[in-house]
Structure formats: C-alpha cells, structure tokens
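Several structures are given next for inspection.
Two complexes are shown next, each including chain A; its partner changes from chain B in the first to chain C in the second.
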Partner chain A sequence: MTERVKAWLRAKAPAVLLPVGTTILAFAIGGLVVALTGHNPIDAYKAIFEGTGLNYLLPWTSAEDKDFAALNLQQTLILMTPLMLTALAVALPFKCGMFNIGGQGQYVVGIVASIIVGTHFSGLSKPVHLTLAIGAAALAGAVWGGIAGAMKAAVGAHEVISTIMLNWIAIYGAQYLFELNGPLQGPLRDVPQSSEVTDSAKLPAIWGVLQPLHAGIFLALAALVVYHILINGTVFGYEVRAVGHNPEAARYGGIPVSRSYVAALAIGGAFGGLAGACDVLGWEFHIVTNDIAVSQIGFIGIAVALLGRNNAIGIAFSALLFAGLQVGTSPRALDPTIFPPQLAGNLAIIIQGLIILFVGAQLLLVYAWRARRRRRDEPRPAALVEPTGA
Partner chain B sequence: MPDAPLLELRGITKRFGEVVANDSIDLDVGPGEVHALLGENGAGKSTLMNVLYGLTSPDSGEIRFDGKPLRLRSPHDAIDAGIGMVHQHFMLIPVMTVTENIVLAAEPHNGLLLDVRKAQEDVRSLSERYGLAVRPEARVESIGVAQQQRVEILKALYRSARLLILDEPTAVLTPQETHELFDVIRSLKEQGTSIIFITHKLGEVLEVSDRITVLRRGKAVATVATAGSSERELAELMVGRPVLLRVEKGAAQPGEVLLSVRDLVVHDSRGLEAVRGVSFEVRAGEIVGLAGVDGNGQSELVEAITGLRKPTSGTIVAEGHELAGHGARASFEAGIGHIPEDRHLRGLVLDFTLAENLGLRDVRHPPASKWGFLHPRAIAERARRLLREYDVRGGGPDTQAGSLSGGNQQKVVVAREMSGTRRVLVAAQPTRGLDVGAIEFVHQRLVAVRELGVAILLVSLELEEILSLSDRILVMYEGRIVAEHTPDVSESVLGVEMMGGRSATAV
Partner chain C sequence: MTALDRIPRGARGVAILGIVVGLVGLELALPPLQIEAAAVPVVLGLAALACAIWALSRDERKLGLWTLFVAVAATAFAIWVQGKSDTSTSLVVNSGLFAAMLVYATPLAYAALGGIFCERSGVVNIGLEGMMLTGAFFGIWGTVWSGRWEIGLVAAMIAGAVVALVHAVFSIHLRSDQIVTGTAINFLALGITGYMFIDIYGSNGTPASIDSVPTVHLPGIASIPGIGGVFGSLNLMIWIVFGLLVVTEVILFRTPIGLRIRSVGEHPRAADTVGIPVYRVRYACVVLSGILAALGGAYLSVGFVGSFGQNMTAGRGFIALAAVIFGKWRPYGAFGACLLFGFASALADRLQSVAGVSPNLLATLPYVLTLIALVGLVGRSRPPAADGLPYVKG
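Take a look at the complex of A and B:
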C-alpha cells in the first residue's frame, strides 16, 4: 500500500509542486520590485492579502475587521466565478490539442445574449427566465467557439488566428449594439449602456448586502465538476484527449476527429458564454459599452488555465489566486500609506506576467529535458527504450 | 589481427540508475575494418556509441585510439581525434546546400569570408574519391534520404574521420540504396577508413562486415569473424536462446473469401494515382503476402482497405459489407484489424496509458463504456489480460505507452488488433524496427490467428518475412499487382518483379 501511495505521490507531485513553486517565485520577484521602490514587501503583501478578504477565514481576525474582510472576500469570489469559467473555455479545447484564445469573445457574446434575454420576457417566473438567459449565453458562446472549430475542421484554419479574429468581431459587435443610438442602447439617451436585466433574470444573492456574492459561483463550481467528469469519465472525453495527443492515431481508431474539434471548441465556448451570464445576471445587470473593450476576463482565463494545468482543482485554486491579486491590489482596498495604489495595480500585472512567463518556461524546460533524455540516455528501470530505435 | 587496432575499448561500464547499460565491454576495431555491432533494442549499442562519441562519459573503462588513451568530454573531442558519427536521425540543416552542410563549423575561409569555391572543390573531390555521388550545390531539403545520408558521411570524412560510426544506417533505405551504401562502405574500407556498423539486421551484417561483436543486456557476449558465422548462430547470440528464423507452419486451408478488393484506384496525398486498379481476394485461414519496394502504392492500398483513405473508384468488400470510403470505424466494425506500418504515427497514443491504448477500438461499446461513460475497471481488467496474454513487458495498464520499448509497444498494437472477433487482419510492416525475439513472437501470432481462420493480408518490405509467412504472394509495382506466386518462389524472381522486370511466371 505504501508503495502505491509513494508511486502516486511521485506521479502527482510535479502537478502540484510546479505551479505552487512558480507562484512563490513570481511573488518573490514581485517582492523584489516592491523593495526596489523603497517599500517593505512584507507589508505590501500583507496589505494585498487583507485586500483580498481572505483574512476573513483566519480565526484571529477581529469581529469588526471581519465585516470589512467579508466585503473584500465577496469581491474576490465574484471575480473568481467568471475566471473559473473562462479558464475552462481554454482547458477543454486544450485537451483536444487546441489553444482557444477566444475566451474573451465567447465571454462577450455570453454577455450580449444574457442581456438580450434578461431585458426581455419580464413576465416569466425566475427559474424559467434565469434558465433561458443562462442557456442563451451558453449557446451563444458555444456557437462562437463552434465557428472556430468548424473552420478548423472544414479547411484547417488555425484556431489561434480564428478565435482572435472572432474576439474582435464580438467586441466591436457588442459595442455597436449598446453604443449611443445603437439598436440595444438602454433608456438613457446620453449614456452608452444597455438596459438593466429584469429582477426575474437576476441570480440570487447568497452572501452580503452592498454587492453580494451571487449564486453564479455554484454554477462555476458545477462547471468544474462537469468538466472533470466529461474529460476523464466519458467516451467523449477519451476521444477528445486521443485527438489532442495524436489526431492521426485517433482517426485510425475510428474517432471522428473533425467532430471532436468542433465539439471541444463549442463546449469550451459555452463555458466562456456562461462566464458572461454570471457577470451580467449576478452583479453587473447591465453592460456599459466602454467596459466591453476594457474587460480582460477571457484573457486572464488563459493564465488561470495554464497555471491550473487544465485540471479542475488546479483551475479553482489559480482562479482564486488571480481574482485575489486583482481585488487585493485595487486602490479601494489598499492603504495608500503602505503602498501607493498606482504601484499596486502594476504589481498585480507584474506578478501575473511572471507567472505566465514561468509557466511557459516550464513547458519549454520539460520539453528540452525530455528531448535531451531521449537523445542521451539509455534505459531507465521502467522504460527500456533505446533512444535511436525507430 | 595483423595490424595494431585503431580503436580499443577496455572495460567500458555505464550505469543508469540500477540499469547497467554497458557492463565492462571490450571492443577492438582495426584500421580499414568494418566491425558490426549487433544487438537487440536496449542491448546497449547506442550507449556504447554515445560513450565513444563523447556524448556521455563511462563510469569506468578506457578508450584508446591510435594507441593513445583518449578522453572525450564532448563530441568535439571525438571529432578532433578522428571519430565521425552518422546518426540514425540526420543532423542536417534543410535550407542550406550540401556543401554548406558539409563544411559547417569547419569552413575554409578567405579572411572572414567563406571560400565557397574551395568548399565546393573539397566536397567534389571527397565525393569522387569515395564514390559518394552528391550535387554540392543542391539544397538538403530537395534531396532524398539516401542522398542526405551521403552528406552525413561526407561531413564526417571532411573532418578527416578515420573511424566512422554508422548507427542503423539502413533503417531508412530501400534495398537498392542499401546496396549502394554497402558499395560506399567497401570503398571507404579500401582506403583505410574503419567503420563501426550498428544494426539488428542479420543479413546485412553478414554481407558487409569483417567481424561482429554481439551485445546482449549490456554485455559483449561474443566477437566473431563474419566468415564462417551464420544467421542462426548470430540470432542465438543476440537473444540468448535458439530462435526460429523461419516460422513453423502447416499448409494453409483457405476457406471462404473474407476480404475482396475489386478494381481499386486510390490517389495519394499529392493527388497522384498510387493504386491503379488492383483486385485480389483473401480467404479465411490464409496469409497473403504483398511484396514490393516502398512507395509502390502499398501504403495507399492499406489505407483504403482500412478506411483511412477514400478510394477514387473500385470496391472493398469484407464479409458482405461494402467499405470503400466509409471510414476507419466502418472498416473496423466490419471485422478488419489493422496493424499500421508506423506505430508512433497511428498505432499508439504515446501519452495514453496502455489500458487506454488497448481500449482504442472498443471504448464505445460495453463493457468498456455504457451510456457514454467509461468503465475504467473493465478497461483495466481487459488490458491486464491482454498484456499477460501477449507477454508485454515493462509496465501495467497504467503505464504510459511512450515509456515502453519499441518491441513491447508493437506487442500492444498487435494485442489490440488481434483480440476480439476479428475476421480479417491487415498487417503492414508488423515487425518493422523490432529485434529478433519480438519478430519471432509477432510471426508466431500471425500464424496462430491464421489457424483460427482469420484472413491476413501481410504487407512487408522484407522479402524474407513475406517468403517465410505467406501462403500466397502478390507483387506490387507502380500501383499494380504484377505477379502472383506460391511461397516456393525464389527471392531473385520476386526481386526482379519488384523492380518492374518481367519473369516467366508473371500474370
């Protein structure tokens, strides 16, 4: 038994240690940057940590601090929700050997769809209206991702290019809909924004008052579970992974490769669309036209998926990390005497950038290391592979 | 040995963890000697050559070259000493010319400028001297594999190599190109260059070498003179037990027609007609061998039968099902198993576990899955049974396929394609890259399923394999079947027909 535990640890340890080590290293270098600006990195990180509201969970936090921490934690969890979903939008196509850069566009069409459904049909009961609005967002995202998949399947158009272009179509299209005099502009003639979704289409609040945490987080967590089961426990997931690792072998095995591409990007897109629904129906309730091009939720989702190694649990943790970084460094939460807010926002970006850089470097290192081992070494105990054997 | 040896290896030992890859190996190579290094995959040939080329350093032992001790810290040291190596995978720069590749990093120069004329002159005179015809100004990407190999050899000679290591040089060559390579080897030998020739093909060793050292499990088990040794003796030395080079099998009892191909025309990926109207039948309980030089349409024919390539016209019928153009799954579900010619390209998903790989064909059906959900326990159970039955070593159901040796990987493919209720088996190069022991295993399995009434189409570039296994032999040349024979046909007749010549028995 202990042998099996050891073997399991050996197999799984890198999957945990590498992302954790990456994060620690990124924070250490970020701390160095803070020190260079003449501030105390420990104070800065303590302030950021408190800004995330995670100190709410610590037993020694006093009652009055807890009230404030709760507000921050609600914000962190509200941001974590769409990040988990846009990360899934990257993760599932990744399992099929594709890099979906289109999470942002899929998120935006999800916003548009849930706004349209959420601002209409006001007579419906809440469960029906919510289901419709969420379903429309998922469907819109699925179509948006599916287009890229269909283009790849039909003519081999590379999904990185097509999803980037679809991002811009979604962003400009949404801006057109909600801009001044746009077809879906809200009731305020001078304000470029949408109408507000009706109460029957709002996700229930579950914690807090001012800007409470909404039930969308359950949707996102459920999506993680669905993703995990879909990928690891179903024939569809098996086929997707086979195509991802070796499309030629998959085709030989009778797997419809083109269909897998379309389905993987469509389901990924549906997750992206759901992220849009969570933000609109959970706390934004309307969309301000100028915010559409500024939003980064889909792009941060790429980093979340990379750091989380496309694994459901990993994505949950890395989404919490990235959401915490954003919320913890927002000027609202930081004490300006400890750390100037203009620096704080940049620190978050520096740390995010470093994490992405290191994750990329790891992939390179692993690749180089494997190539080197293949070239130089002969058998290892379990792997009697002759490197030159064809 | 009349002359003092050029190269002496004494007691070379190299360990990787608990595995002793080289166990106190001694080896002498004389000047102008062609010394073959023979051994199964994983016997330690490559490690030994990596030691000799400075790619890895031995834990103990001594290398003497030209009578002097040699310390190698990198391939650079080896090249300086006069040791050249032609790897199995070429290390050429495709966009550069032949000349540029040859003189790379040792360029003749005028001050700072590359002396192109002198470089081309040098290359030309080298190529004439050794009979290695190349076009110095051609780009490497535009020349064939055999030419590229010559460039590799010239590259080593340009650096004044006195000892040339050729690592599995014939693996990528056609039979004709192999003969040409052997001519080059003989001419090198005449001019005093020593050669270490690494292979696991017995016939080649006997044809071209002077002496043979056999490695088995990291030890040099014997060094024999080529004259007077035999394939049987060498195979036994390699494997460590007597090996059946020819498969024992009774006469075939062909039954009903299980696979029938009529007037099949198939285009290749470039849109050229690769299969030009081929018709044949394979009956239950017989092995039909398809012989031919690589590139005469065999791959496209196999791809069409197994649903991987849409034929332009013609019919493929297996057990009453019309299959032409219906895809890989239709072909498989009509009962056709397929051992693909390239197990890494198609046969296996190397990042998948063995259980997942063994499930590739039946993951959609119970008990492997139900309502779209996998049953990992059933999949693992079946995998465990197949791994035992087919004697796959080096891992269990949870082992990654990529970590197995080539022979064991092939056994996994064979196990998957032969198990279940297959009535037809298309085996394309089923033993390519395998060592003697694994070849014997695959051959025995093929004969065993023949006895069970499976119809087998065997496609192979190895005439030896075709002759020893087939009950009927078809010869394919330029997309057509040009002859049909019984297995007692001579190798030379087949050889002529494979090259497009006509013999009296041609149909």
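Take a look at the complex of A and C:
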C-alpha cells in the first residue's frame, strides 16, 4: 500500500509542485521589483491578498471585515468565471497539439452575440431567452475558433497566426459595431456603447447585492466537468489526444485528423464564447466600446491554462489565483496608502508574464522527468513524442 | 482545352486581377456612373495594391510592377475626377496622405525586418509587440535622462536586445515552446514598462518637451510638386528604415551570412553538419530582431509622439507580424505590406472626417489580408521549414 502511495505521489508530484513552485518564484521576483522601487513587498502582498477578499474564508477575520471581504470575494469569483472558460479555450486545442491564442477574439465574438440576442427578443421567457443568448455566444465562439481549425485542416495554415489575426478582426469588428453611429450603438447618441440586455436575458444573482456573483460560475464549473469527461472519457477525447501526441501516427491509425483539428478549435472557441456570455449576461449587461480593446480576459486565459497544466482542477485553482491577483490589485480593492494600485496593476501583469515564462520552460522539465522515469522503469527504445503545441 | 484553362493562374493571375480591380475603381468614378464616394475607388485601389504586393513578393516582378502602377495611377485619377466635382476629396488624397503613410509604416517596418531575421533563423517571434513596447519606453527614458535622442535610441536598442535575449535563452537553450515564451515576453514588457512608467514619471506622464529625432529637410526635393510634399521633410528614422530595408535584403539573399541564417531556419541539422553554429546564428538573429523592433517602438515614442503612454504600441507588433507573413518572409514583400497597412491607417484618419468611413472597419484590413494570404490557393505564405522548432544538438 505505501509503495503504491509512493508511486502515485512520485507520478503526480511534479504536476502539483511545479506550478506551485513557479507561482512562488514569480511572486518572489515580483516582490523583488516592489522592494527595489522602495515599497515593502510583504505589506504590499498582504494588502493585495486582502483586496482579493479571500480573507473572507479565514476563521479569524472579524465580522465587519467579513462584510467588506465579501464584496471583494464576489468580484474575484465574478472574474474567475470567464477565466476558467477562456482557459478551457486554450486547454482543449492544446490537447490536440494546437496553441489557441485566439481566446480573446472568441471571447469578443461571444460578447457581441450575447449582446445582440440579449437586447432583442424581449418577449421571451427567462429560461428560453437566456438559453438562446448563451447558445448564440457559444456558437459565435465556435465559428470563430472553427475558422482557424478549418484553415489548418484545409491548407495547414498555422493556428497561432490565424487566431492572432482573428483576434484583431474580432476586436476592431466589435468596435465598429458599437462605435458612434455604428450599426449596433445603444440609444445614447453621444456615448459609444451598446444597449442594455433585457432583464429576461440576465443571469440570476446568487450572492451579494451591489454587483453580485451570478450563476455563470456554475456554467463555468460545469464546463470544467464537461471538458474533463470529454477529454478523458470519450472516443472524441481519445482521438484529440492521439492527434496531439502524433498527428501522423493518428492518421495512420485511422483517426480523422482534420476533423479533430476543426472540432478541437471549435469546441475551444465555444468555451471562449461562453466566457463572453457570462460577462455580458452576468454583470456587465452592456459593452462600452472603448473597453473592448482593453480587455485581457482571453490572454490571461492562456496563463491560466498553462499554469493549470490543461487539467480541469488545475485550471480552477489557477483561475482563482489570477482572478484574485487582478481584483486584489484593482484600485477599487487595494489600499492606496500601502501600495499604489497603478503600480500594483502592472505588478500583476509582470507576475503573469513570469509565470508564463517559467511554465513554458518547465514543460520540458516534466517531460524529461517522465522520460527518465520511464526509461528507468521499463527500458524500451520508443521515443517519447510530446505535444509541443506548435 | 476549355476556356477555363486559358485563365492565367498563379501570381500572374493575381497581378492581372489587381489591374482589373484598379481599372474598375476608375471606371466607376467616370461617367456615366460617376460615383462620388471616395471610398469606392480607394477600397478597390487598396485591393489592387494588395494584389500587386502579392505578385511582387512571389516573383512576378514585371507584371506586379504594372499592377502597382495601375493601382496607384487609376485610383489617383479616379479620385482626381471625383475631386473636380467635390472638393472635399482633395482633402483626403494629397502628398500629406503619403507622408502619413510613411509615418504609420515606419514602426511596422522596423519590427517586420526584425521579425524576418528572427523567423528566417527558425525562431518564431510573437513577442515583437513586447519588444516594440520596450523600445518605446526606454527610448523616452534614455532621452529624458540624457537630454539627447541619440542616447534614447541606444537605450531602446539595449533594452530591446535584453528582452530578446530572454526570448532567445528560453527558446533556444531551454527549448521552451516559442509561442509560450513570446506570449510571456508580451506580458512582461507590458507590465515592466507600465510599472516603471508609473514609478518614474507618476501620473503626470513623461515631461512635455523632450529632445526628439530630427526631421530631414531636403530643400531641393521639397520644391518639386507632388514628391516634395512626401519626401521633402521626413523624420531621420524613416530614411534609416529605407536603408535598413536594402541592407536586410542584401544580407539575407546576397551574402554567405544570409545563406547561413536561411539554412539554419530551413534545415538546422544540415546546417550543423556543414559546421554552421546553429545556436549562435539563432541567438544573433533573435537579439537583432529585438533591437530592430525596439527601434520601431522608439520611433513611435521619441521620433513621432514625443511621449510614452502605457501600452502605446497597441498591437502594432502584431501588424508587423502580419506584414512578415503577408510579404512571405521577404524584406521587400514585408515592407510593401507595411506600406499598404500604413496607407490604410493614414486613409482611415482622413476618411473618418470627410467620408464617414469607419476607421475601425479599415483597421481590420491588415488582418483580413493576412488570413487570405495564409489560405491563398496561389502563392500561399509558408514559413521557413524549421520555424518554431527547437534544435537539439545531436
């Protein structure tokens, strides 16, 4: 028994220790930056942590602090919702050996689709209207991702390049739709923003009053479960992983490689679209044109997926981390007397960059570790082919 | 032999298509149709220009040049005809438009040339955006610190080289996924420049009057009508990029160094076998790409705007990447694409006020064209064979 536990630990240890180590290292370097610029890193991190609202969960937090912490925690969970989904947009294609940089574009078309459906059809009942709006966003995201998949399947166009291009087309296209005198501009002539979605298309609030946590978080958690089952428990998931490991071998084995490419990017895109739906139908209810280019939800999703190692549980935790980092450094939550929020916001971006950088180098470490173990356990000449994602 | 077989295929076909499209734009402006909206010949002219650059970067030189000529001449004539009845169009198309095109195209061109070096050596660089942003910030920082723009440019180049070195170490030696590393570079550059900007200059921003890259006044050229308005007084860095363009083309395709770079990007194993130091060549190319991209960013801040703002490059690095691909990883092709994208931006500025054409819609043009170039049935853009693949010394 202990032998089995040991073996299990040895197999799973790098999957937990490396991301944790990476995070600690990134935060340490971030702390160094804070210290070098004349602030106390420990105080700064403590203030950021309190800004996340996670102290709500600590038993020694006093009742009045809890009221304030609850507000922040609601924000963190609201942000965690789309991050889990845009991370899935990266994770699923990654299993198929593709790098989907296009989460941002898929998120934006999801926003546009749910705004269009959410501001029309006001006569519908809530369940029908909500389903339609969410479905439209998922479909839009799937189409946006599917274009890149189809391009790869048809002519071998690299998905990284095509999804980058599709991102910017989505961003500028959406700005065009909601700009001044744009075709979908809201009722205020001088304000570049969309109309507000009708009440029948709003996700129900589940916790809080001012800007409450909405039911979208259940949608995102359900998506994590669906993703896990899809990848690990279905024929489709097996095919996707086989293509990800070695497309030539998969083709030889009779797996429709082209179809897997298109499906993986389309389903990934659907997750990205859902993220847009959650934000629009959950708490934003309309979109301000200038916010479209500022949003980083899709790009942060890349970091979430990488740190979460494309694993459902890992993604949930790293989404919480990145959402907390974002909310904890926002001007609204961070105490400016301890650490200026303007600096903290940029510190958050630096930490995200460091985590991505280190995770990228670690993939190799993990494979080297596994290859070494495999070589030791059962000597065989087969070369380990890893999905490079490129 | 059906009629279909006689339609010219390949880059030749695209060039002919460009000529036809350009002439259609002219025809629509002439009687009896006399369409007054400047947007019509302009959009068709842009399409024709895209065809011309496509053909030129795919070795259809003679016909491609004709397409280029027809696209420019037909569009200019069409707008002139329109302008006879509607004076507002002359506000759009004048020598200032082409000068603005060069201003918009220059930062893209620096970064694109850098991208070509990097990708030709087999390292994908989607961190161009971050490297530009780094150059933009440190260019200003160096200029403010020393009071001289030359020092600013040197600071930008050093900072760009350092950031690129990070990309190089992780991509080449640690064999990280180059896309992951490039993404990290973009995040890091955004965070570091933003942090330093706030920390050093506070919320007031960079000082109002700082030294900037001088403008080259050429009195001889300035007096020539038409051309004078375009080339008479250009920023020094625009002239430098013209020079760098030629140098890049010569180095890559006419010297042994270029042959080595390209062989490392196409088949590193073979290059290694004949004694070319694969890692050293890749390091040099990645660092060079960082220096060039940083210069592009510094042109924006020190050369043009005279200040820095958080995330001021706003996706220009990605447009440069698009230009590299649209131009098929060739200097002249990529530069042509930069000019085209710059022209679209310059036009968007003017059309917004005069013709009410949405600048956001025109801003999608570079990306749409690049998507088309990726799937094009004719002369599709294909990267160097070993682009993005780490090399393991055997």
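Just so it is clear, the second predicted complex is superposed on the first by the 363 of 390 C-alpha atoms of A that agree within 3 Å, B and C clash if a C-alpha of one lies under 4 Å from a C-alpha of the other, contacts with A are read in each partner's own complex, and residues count from 1 in each chain.
Here, a contact is a pair of C-beta atoms (placed from the backbone, for glycine too) under 8 Å apart; a residue touches a chain by one contact, two chains touch by 3 or more.
Remember, it's a predicted structure, so these values are computed and weren't measured experimentally.
J.: In the overlaid three-chain picture, which partner chain does A:349 touch, first (chain B) or second (chain C), both, or neither?
T.: The second partner, chain C, only.
J.: With the two complexes superposed on chain A, say which partner A:236 touches: chain B (first), chain C (second), both, or neither.
T.: first
J.: If you stack the two complexes on chain A, which partner ends up touching A:45: first (chain B), second (chain C), both, or neither?
T.: A:45 sits against neither chain B nor chain C.
J.: Can A:253 be said to touch chain B (first), chain C (second), both, or neither?
T.: Only chain B is touched by A:253; chain C is not.
J.: Does the superposition put A:317 against chain B (first), chain C (second), both, or neither?
T.: Neither partner.
J.: In the three-chain superposition, say which chain, chain B or chain C, touches more residues of chain A.
T.: C
J.: In the overlaid three-chain picture, which partner chain does A:164 touch, first (chain B) or second (chain C), both, or neither?
T.: second
J.: Should A:218 be classified as contacting the first partner (chain B), the second (chain C), both, or neither?
T.: neither
J.: Which residues would you name on chain A as touching chain B in one complex and chain C in the other?
T.: Looking at chain A, the two contact sets intersect at 388-390.
J.: Residues of chain A touching chain B in their complex?
T.: Interface residues on the chain A side: 233-239, 241-242, 245-246, 248-255, 375-390.
J.: Please name which positions on chain B make contact with chain A in the complex.
T.: Counting only chain B, the residues touching chain A are 16-19, 21, 41-42, 44-47, 50, 55-56, 87-89, 167-168, 171, 306-308, 327-329, 332-333, 338, 340, 345-352, 356, 359-361, 363-364, 369, 372-374, 394-395, 399, 403-406, 408, 432-433.
J.: Within the complex, which stretch of chain C touches chain A?
T.: Against chain A, the touching part of chain C is residues 124, 126, 166, 170, 174-181, 183-192, 194-195, 198-199, 203, 310, 314-315, 318, 321-322, 325, 356, 358, 360-361, 363-364, 366-368, 370-371, 374-375, 380, 383, 388-389.
J.: Chain C touches which residues of chain A in the complex?
T.: Residues 33, 37, 99, 101, 151, 154-155, 157-158, 160-162, 164-166, 168-169, 172-173, 175-176, 179, 181-182, 293, 299, 302-303, 306, 340, 342-343, 345-354, 356-357, 359-361, 363-364, 388-390.
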